[in-house]
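One chain, subunit A, appears in both complexes that follow, with subunit B as partner in the first and subunit C in the second.
And now, the complex of A and B:
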């Protein structure tokens, strides 16, 4: 067994372990910390697969930006256990876990065909440089998938506008807008 | 380079996705729900990058970028919704989100 296989199996076991801990730890901050570990391990797996740029983006965007947003919101809310509810007492927890593992086994048996059990081929030079490098990815992205690229930009703009609309409140109106009816808020909105 | 079958990578992807789906269905607070959603997207990303490596084709890597774009937008909008929910209800328990009587 060569070194890459040992690395792959250890990465895979750690990814599954941290995924289980993300799903099962009761507090949101623990879930977020295990998810950061999961993203770093996934970045290591992508390096083993040869997709170096994807691995860097995984660390920068997922573990860097998105998870910092999550941890920031968790620390901003500063919840005590009474406010995020106890995890015990769900009657369908074991049923959901059983169906989840059954789905995993069925899907795994479905792909365990002899054709898919062959080894991965060696990395070869593609038309636009080595597989997984920035040159190769950006050539294919801007040549063949430029509409997807543009639509991703539009999605980011729409999310920006939506978050701005969700977060915006007029400060004097806010205290009344929650506790009174909407007609009062509309009447008082112009005056204050 | 690495010489394992593509099936092992797909098993890993299915495992991460199923853990995320189980967590999504059994959690009771909204923040853990969004975190498990990210876990499901991460499991799908593993499958995309694996198939990209199998066919030596960059399309899977580009789909990875589209997926993380959607994940970033979804987490930003979801966290803004959770903040508004917390501002109104003073907690993030999902059983209190019953205004629509679903």
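And now, the complex of A and C:
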């Protein structure tokens, strides 16, 4: 076996293992930790495919930004696994795992045929202008798909503004005088 | 020795040189420098008993940290308590992998083609530093949470919010540098600065970048996570012995990384003076310097030392600022980050783009 294949199979096995652990660990914080590891290993797969840029973005955005928020929420809630009844959820877990496993087997039988392995593209050297480099991705994004790219940007901006509107409420005008007249603030609906 | 063996030896040599320097030399020396400069600024002596000028003080402290009892308070969450300092050191070490520390060189004719003095030749170098740098948050969040201590939790919340906010500012500042240099590859960014360092066209970006890296590394004036007066020492209150030592080590390694990044992005990397590169002074990076007795050294050692000197200056700046500027208040920190640096960074990107487009059109 070539070194790339060895790396691919070890990454793939570890990805499956960490994904299973995300679902199986009782504490949410442990699940989050395994999910971060999972994102890292996926970034490793991207590097094997020759897309350095996508793998770095994977680490930067998923592991570095999104999961930080997840970890924050989990740490702040500080849930006890017994509180949301992981024991009671066990039959569901096993059912979901069973279906997932079946799907995995069927998909593997269907997809991982030798013909597919031959169809995989050759991995070229990375550098300026070749597959996976930041130059080639930006050329494609900003020339061929510029409208989709810009619309996605506008949608994200709208979402940002929407979140800002939902999260930011002006404190009630008489919030400081709450001990003198609670009823006024109640009429106000708590937010004006 | 054949070609492959020389290439492997070169690769291993690069790793050994960089990590040996970072952990065996820079971090211990910086601890000493920090204490001596602090003493100088505060008009006292500082450590001067262990070894000449107190240079061995850090070694003594390191032995002390290793031999100390490994205390683990009763109420901590054991796995995460041990995991946090480990996660702290890993990204700090990993970020070093793409920092180039000298110009591409043939090492005085050892190789047919110039080789890069950089461990991992990623073509998106500076993005990698940002991506790995953003992982430092986990160790701090976990350390605070696992310690099960209110000061630790408050410190870690502060640290995480601060690091997330200032990452954006640092990233925006670096984007305009990438626009100026036309590449995300750190070696190419340095090569684009041969005659004009990025600090001159990108002065505004540097003004944004400098406070951002101080906040990223949790150093004064932004060391709110460890504000002794309010939070004992924040997220590492419960840590002692070598676990604390790892946090301490990671702080200095992070300082080295961001200093190197500042030098590479704004101050011409290993080039000599702003408008005078080494090749104009007559230094050939592929040549040899003859020494006595027929021995000779690869000339690349000159730009390498110059780069190290620049990084050393930035690290001195960190220490200098720490003992000169008082700590910010928390709301001041947040409003500086979100209401000043980030809008300024976006404005700077638009300005830089406009200037570049205008320059190309005329």
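One rule holds for everything that comes next: the second predicted complex is superposed on the first by the 143 of 192 C-alpha atoms of A that agree within 3 Å, B and C clash if a C-alpha of one lies under 4 Å from a C-alpha of the other, contacts with A are read in each partner's own complex, and residues count from 1 in each chain.
One rule holds for everything that comes next: contacts are C-beta pairs under 8 Å (C-beta built on N, C-alpha and C of every residue); 3 or more make two chains touch, one makes a residue touch a chain.
This one's a predicted model, so the numbers in the text were calculated from it and none came from an experiment.
Superimposing the complexes on subunit A yields a three-chain arrangement in which subunit B and subunit C fit side by side. Residue contacts after overlaying the shared chain place A:64 against subunit C, while subunit B stays out of touching range.
Once the two complexes are overlaid on the shared chain, A:96 sits against subunit B while remaining clear of subunit C. Contacts of A:20 after superposition on the shared chain: subunit B is touched, whereas subunit C is not. In the superposed pair of complexes, A:108 makes contact with subunit B only, with no contact to subunit C. Comparing subunit C and subunit B on the residues of subunit A they touch gives the larger count to B.
Applying the stated contact rule after C-alpha superposition, one finds that A:36 touches subunit C and leaves subunit B untouched.
Closest approach of subunit B to subunit C, taken over C-alpha atoms in the A-based superposition, is 14 Å.
In the superposition on the C-alpha atoms of chain A, the part of subunit A touched by subunit B in one complex and by subunit C in the other spans residues 53, 57, 65, 126. Contacts from subunit A toward subunit B in the complex involve residues 2, 4-5, 7-8, 12, 15-16, 19-20, 22-24, 28, 31-32, 35, 38-39, 42, 45-46, 48-51, 53-54, 57-58, 61-62, 65-66, 69-70, 73-74, 76-77, 79, 82-87, 90, 92-93, 96-97, 100-101, 103-104, 107-108, 111-113, 116-124, 126, 131-132, 136-137, 139-141, 144-145, 148, 152, 155-156, 158-160, 162-163, 166-167, 178.
Across the complex, subunit C is touched by residues 29, 33, 36, 52-53, 56-57, 59-60, 63-65, 68, 71-72, 75, 78, 126-128, 133-134 of subunit A. Interface of subunit B with subunit A (complex): residues 1-12, 14-16, 18-23, 25-29, 31-32, 34-36, 38-39, 42-43, 45-46, 49-50, 52-54, 56-59, 61-62, 64-66, 68-77, 79-84, 86-88, 90-95.
On the side of subunit C, the complex with subunit A involves touching residues 80, 83, 122-124, 127-128, 130-132, 134-135, 137-138, 141-142, 145, 160, 164, 184.
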